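I've put the structures underneath this note.
In the two complexes that follow, chain A is the common piece, with chain B as its partner first and chain C second.
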Partner chain A sequence: MPDAGYVLRRLLQMVPTLTFILVVTFVLVRLLPGDPLSAIAGDRVTDAQVAQARAAYGLDQPVLVQFGLYVKRVITGDLGRSLIAQVPVWTLVGQRLPPTLLLTGMATGIAVALAVPLAFISALRRGRASDLVIRGAFQIGLSMPVFYIGLVLLTVFSAQLRWFPVGGYGDGWGDRVYHLFLPALTLGVSLAAVLMRNLRSAIIDVLGAEYVDFARAKGLAPRIVLTRHVLRNALISTVALLGPTVGTLLGGAVITEAVFAIPGVGRLMIDSIYGRDYPVIQGLSLTLALVVSLVFLLTDLLQAALDPRTAG
Partner chain B sequence: MTTAIKSAAILTLLAGTGLAGLAAPAQAVTRGGTMTYGRYADSLFPDPVLNDANVDIWILSNIYDTLLLPTDDGKGVQPGLATAWTVAPDGKSVTLTLREGTMFSDGSPITAEDVKWSLDRARDPKNGIWNFIDESIGAVDIKDPKTIVLTLKHPDPAIIAGLSVFNNQIMPKTQFEAMPGATMVEKAKAFAEHPVGSGPFVLQSWSRGQEMKLVRNPHYWRQGADGKPLPYLDGVTFEVLPDDATRILKVQSGELDGAEFIPFSRVEELKGDPKLNMALFPSTKVTYGNFNVRPKLNSGADNPLSNAKVREALNDAADKDAIIAIVTHGVGTPMSSYMSSATPLHTGTGPVFPTDPDKAKALLKEAGFDKGFKFSCLVLAGNVDEIGIATALQQMWAAVGVTLDIEQVDNATRTDRFRKGDFSMRLGDWTDDIADPNEITSYFGYTPVIEAQHSGWKSDEFNSLYEASQQELDTTKRAGQYARMQEIYRNGPTVPLYESPYPVVLKTGVKGFLQIPLGNNIFSGTSLEK
Partner chain C sequence: MTAAEDVLSRPRQHRPRRRMRPPPINWTFAAGAAILLAAILLAIAPGAFAPYEPTKFDYKAILKGPSAAHLFGSDNFGRDILSRTIWAFRVDLQIALFGTLFPVLFGTLVGAAVGYAGGWAQVVFGRVVDAVVTFPFLVLIIAIVAVLGPGLINLYIAVSTVGWVFYARIVAAEVAVQRRLDYAAAGRVMGYSTARILLRHILPNAITAAIVYWMTDMALCILLGSSLGYLGLGAQPPTAEWGVLIADGKNYMRTAWWISIFPGLAIVITGLGFSLLGDGLADMLRPRR
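Showing the complex of A and B:
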C-alpha cells in the first residue's frame, strides 16, 4: 500500500499541472476572436456602451495586469464572477459540478458492472458463440454516436414506455439517480465497450500465465483461482485505463448533458465559451483539471493496491 | 393605436377599458395547477434595466409590471399600474394616474416614489442599453401620491409605447436599495437573485441552467374572467432544455405543458398530434441578410456591394419563396419592408424584391459585374436555419454569376467582426421590443445609432426623416415619413427574407397562454383545463 508520503508527493505534482492549465486557459480564451462584450451585448449596443461595459468589467486594463489580478484572486480561492450570469464562479461550479460528477460516477459504475462479468464470460469462452455475441454487441455500442444512443433510449424508455423521465435532473438523491439512469447508461455503454475489450485480452493473457497454472496445480478451486489470481492481475491494466477514460468521460458528458437536459458543467463550459465568459471558462478549466488529477491519483492508488510494484 | 392617442394630444383612458384584449375564456376557467414550460435557454440577468437578452426580456413581465401594458397584438398599449394617461397639447409632458391599492409581491404598497425612482433608473444614460426608449424624458415628478408627471425635452410620439417596455418596469426602491453591494450594479445583481415586483408571478427559486420556479403573486391587481384576481395558475416552472428533440419529447411524454422554439421542420408533425396544440404566434420577427456597403472592405479591397444596383440584383436573384419553403417549411412569409408587417406604420405588400433573375443579370451588367464577383457571408456555426439560407442564396446567386463563400463562425466572433465592419455580408434576425417602428428604424437605417446595422449605409434624407418622425405627433404626417423611409430603404443594405411566427407547442389543456408579437410570454391569463 502506498504511504502518505507518496500521496503528498502526488498532490504536490498537481501544482505545476494546475498552474499550466491556469496560464494556458487565460491566454487561450483571450486568443478567441471577440470578447465577453461582443457576446453579452449583442448587435445593438453602441461603441460608447461597449467601452463603458469593458471598463466596468476591468477588460480595458492591460492583459498582464488582468493576469496578475486573476492569479492573486485564485490564490485566495476566489475564481471571480461570471460576466454573463453575474454570480460568483464558485456558485456556478457548486451548482453544475455535482450533476456531472454523479453522472460520470454512475456511468463508470454501470460500465464496470457490465464490463467485468462480460469480459470474463467472453475470455473464458473465447471464440465461442457467446464471446462473439458479447464482442459484437459492444462493437455496435462503441460505433454508435453517444447522442444517437441517447435519443434512442429516450424515445423507447421515456417517451414510449414511460419508465424513465425524459431528461432533467430531479430533486433529492433518489430522484436524481432515477433521472440520471438513462444518460449514465448511454455513457456507460460506450465506456464498458472500451473496458471490456481491454479486460478480456488481459484475462486471456493472465489465464496463460505460469502462476495461474501453478495455482491450479496446487488444487485451488477454479472460483478462487479466477477471483484471487486472474481477476486481480487482469484488473491492473484496466484500472490504469479507467483514469484517462473517466477524464474523457467528463469531457464527453457535454453531449449527453445536452440531449438529456442535465444542468452539468459540460453545458456550462460550452455556454461560457460561446459567451466568452472568461472567469467561468478559466475557473471551470481549473476545477475540472483538479477533478481529473484527483481521479488519476485515485486510480493510481487503486492500481498500487492491486500491484504494489507500481507505487514508486 | 399608440400614435392615434398621441396625435389627439389629450386623451384619457379609464381603467379597465383596455382589458378586453386579455385572453379571457368565455366559459368557467379552472384555477390552480403549475404549468411547466420548456425553454431553449435559461435567463441570464433578470433586471429590467441592465439586461441585454430576449431570454430575460421575454419573461420579465411575469415578475414586473409596467405603468402601461402592451396589447395582445403588440401594436398598442393598455392600462397597467397607471389607469390613465394624458399627453399635454404641446406634447411636452405626460401625466399618469396611478392605480389605487396596488402592491408589490411582498405586500408593500407601490408608491409614486417607487415609480419615479424606477423611471429615473431606467432613463439614466449610464444604465444599460435601453435608456434610448426614455431619451425624451427630461424629468419625472411626483405631483401628488397618485399622479406622476413626465416633462419631455421634446414631443415624443413613442413615449406612451415606451412606458410599456420592460426597461420601465416598476421596482420597489426601498427593497432594492437595501440590497448588499457598494454600487447600484452590485445591488441590481443581488436583487435579481430574489426579485420583488408586482407582476402576476414571483420568482420562488432559480437553479441556473436547470429550472426557474415562479409562484402566483397573491397581491396582483388584475382580475380574471371569474372576477377574482389573476393569475389562474398557482405557478409556472421553466425547465431549461437546449436540445430541441428533448424539449419536444418532454411535451409528448406529458412531462411538460408546453415548450418554445419548436424547429419549423417539426411543426407539421406536431400539428397532427391530437394531444397537442402546435401554436404559431404572430411575431415582429424578421430574418434578413445584411451587407457591408462601404466602398472599401477592411482588407482594402474594392467592395462591389457598395453599388446599389449590385445589391438590388442580388435581391432580385434571391428566391424568397424557395428559402421560406426550405428553411421555415412554409411557415414564413416574405418580408414586405425592413420592418415586420406587425410593426406599427409598416407599409408594403408582397416581397420587397420579387424574384427576377433576368433583371438581376441585367443590373449586374449595368453595374459592370457581368463577369460576376465573389464575397463571403458570416453564418452562425451550427445554426441550421442560417446555414440553410446561406446555402440557398449561394445557389441562387451562382445562377447570376456571383460566388458566395459561407464562413461559419460562433456568435461572439460574428458580433465582433460585425461591429468592426469586418464583413461583406451576414445573416441576422430581429424582433421589436416596443410597439413603435422607431427602434428597428434607428438600428437599421439611422446612421448615428450603429451606422445602419454596421453596414456603413447612409442616407441623409432617411436620417432627417427619422429625426423629424421622432418628434412628430401628427399620426398622418408620421405615417408619411415612415412610408418614405421604407421606400428609401429599398436601396438599403439588406436582403429582406422572411417574417416568421413564434412556434410554441402546448398540451391541448393549456388555455390562454400568449406570446405577443414583441416576444413577451404572458402567463397571467393561462389556465390548465382538463
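Showing the complex of A and C:
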C-alpha cells in the first residue's frame, strides 16, 4: 500500500481541483445573459417573488459572498431544484447516476478486454501483418465518432438482427447488463483505441527492459516472463491511463445515452439543455467533475499501490 | 607494391561530390497530406465537385438508394447526399481550424512564458492544468454551449476556453527543458532580450510536440463538432455538417442507411488524414539521434 504521506499529499492536491470545479460551476450560470435569477426562478414569477427569491438566493450580496453561499449550499448537499421536474436536483442526479456509472464501468471493462490482448499481439508481432491490421483497425476506431459507432451497432444488432434491445435500461441486474451491452461496446471501442495505442508502446518498452532480459536469461519460460513481468508492468501504465481518460469516457457516455435512450445523467444533461433547466445543468456539471476527480484519485492510489516508484 | 602505393599510383579519380541524399519519403505523412489536400480542395470549392445544390429539394427522388444519378443516394427531401457531404467539408474543416486556432496560439505563448519563468509560475500552472484536466472536457463544453446557446460561434468560444490548456502544458514542459541548454545560455551571455531568446531560439525547438498535438486536436475537434451537431447543439440545420447529416438519417437507418453512413465515412477519412499527418510529422520532426 502507498504510505500515508503520499495519500495525504494526493488528498491535498484535491483542494485546488475542487475549488476550480466550484468556481467554474458557479460562473457557468452567471454567464447567462441577464439576471441569473430569471434562470433559477423561471419566467412565470411576480415582482414580489423575484425580490423574495433574490434575497433567498443572496443575489443582493456581493459576488464573493454569493460564492460563499453557493459553496455552503453545495457542502450541505443542496444543489437547488429542477425547474422542470420540480424536485431537488440531487434527487434527479441520484436517480440518473447509476445507469451512467454502470455504462462507463462496463465500457471500461470491454475496452481493457479488447485492448490488452490486442496490444500484446501487436507489440510481440511488431511490423508484421497482424500488427498492421490491429493498428489500422484501431486508428479507424479512433477517428470514428461515438454516435456513429452507436448508430451502426444499433441498426445492425438491434434493429436488423434483433439480438439486443433498441435502447433503454432494463429491470434487475442481468437485464440491465443486457440492455447496456451495445452502448458499452460503442463507448468501449473508442476507449480501447486510446488504451491500445499507449499500451502497445508500453509493452515494447518493457520488452526491451533489462529485467526482462534477466528473467529470460535465468531460464524462465517465455510464458511466465510475459505474464509475470511484461503484463504486470504494462498493466500499470494502463491503470495510469484510465484516470485521465475517464473524463473523455463520461463525455462519450453523454452522447451514447442520447443514441441509445438510456436514462442516465448524459440524457438528463441534454434534456436539461433543451429545457433550459439551469440548476440541473449546474448540479450535473458539478457532480460529473466530482466523479472524475474521485476516479483520478483512485487510479493514482491504485497505481501507487501497484508501482511504489510513482508515489515519490 | 604496398597498399598505400597502390592507392597513390592510381590516377586521381574525380569523385562525384557527395550530394545530400533526399530524405526518404515518409509515406504516413504523404498519405495524410494527400487526404487533407483533397479535403481542403473540397472545402474551398464544393460547388465545383458537388453534382447538386446541397439544400435543393427534389420530390421525384425521395429516399433513393445510391445510383448513377445520386452516387450516395438521396434523403427524405430528395436532397443529394453526395452534395451535402461535400458541402459539409467546408463547415467541418472550418470547425477544425477555428476550434483550434486560438488554443494553439494562446496556449503556446502561455506555455512558453510559464516554462521559461519556471519556479512558482510552473507550480501554479501545474495546479491549474490538473484542475482543468479533471473537468470532463465534453461535459464542460456542452455546459458552456448550453449556457451560451447552440451554434458554431458558441462552440468555438467553448472549445477555446478550455483547449489552450493542453497546448500550454505541452509547450511549458518542452521550454522548461530547452531553457537549460547551452544555446539558451549563450543567447543570454550575448545579451539577447528574453523575448528574442524565447521566441526566436527556444520556441522553434520546443514547439514540435505542440504541432503534432495540433493535428490530433483538429481531428478531435471535428469529432466534437459533429457530436454537438448530432445532438442539435452545434451547427444548425439545414447547414450541411456531418453530424447534422448523420442525425438527419438516424430514423431511416433501416430503410435508407446511405443518409447517415456516407457522411460518417467522411468524418472517419478526414480524421484518419489528420492522424496520419500528425504521426508522419512526429516521425519527421523527431530529432535524429
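The rule we apply is simple: the second predicted complex is superposed on the first by the 256 of 312 C-alpha atoms of A that agree within 3 Å, B and C clash if a C-alpha of one lies under 4 Å from a C-alpha of the other, contacts with A are read in each partner's own complex, and residues count from 1 in each chain.
Here is the rule we go by: a contact is a pair of C-beta atoms (placed from the backbone, for glycine too) under 8 Å apart; a residue touches a chain by one contact, two chains touch by 3 or more.
Remember, it's a predicted structure, so these values are computed and weren't measured experimentally.
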Which superposed partner A:Val24 touches (first chain B, second chain C, both, neither): second
First, second, both or neither for A:Ala258, with chain B first and chain C second: both
Touched partner set for A:Ser293, first chain B, second chain C, both or neither: second
First (chain B), second (chain C), both or neither touched by A:Thr155: both
Which superposed partner A:Tyr169 touches (first chain B, second chain C, both, neither): first
Touched partner set for A:Arg309, first chain B, second chain C, both or neither: neither
Partner chain(s) touched by A:Arg223 [first = chain B, second = chain C, both, neither]: neither
Set intersection of chain A contacts, chain C complex versus chain B complex: 32, 151, 154-155, 159, 258, 274
Chain A contact footprint on chain C (complex, rising order): 127-128, 130-140, 142-148, 219, 223, 226-227, 230-233, 243, 246, 250, 253-254, 257, 260-261, 264, 267-272, 274-275
Chain A - residues contacting chain C, complex: 13, 16-17, 19-21, 24, 28-29, 31-32, 139-140, 142-148, 151-152, 154-155, 159-160, 244, 246-248, 250-252, 254-255, 258, 269-270, 272-274, 278, 281, 284-285, 288-289, 292-293, 296
Contact set on chain A toward chain B in their complex: 32-36, 38-47, 49-50, 52, 56, 84-87, 92, 95-96, 151, 154-155, 158-159, 162, 165-169, 258-261, 263, 267-268, 271, 274-276
Touching residues (chain side chain B, partner chain A) in the complex: 44-45, 52-53, 126, 129, 185, 189, 192-193, 207-210, 239-243, 245-247, 249-250, 252-253, 255, 409-419, 428, 443, 449-450, 453-454
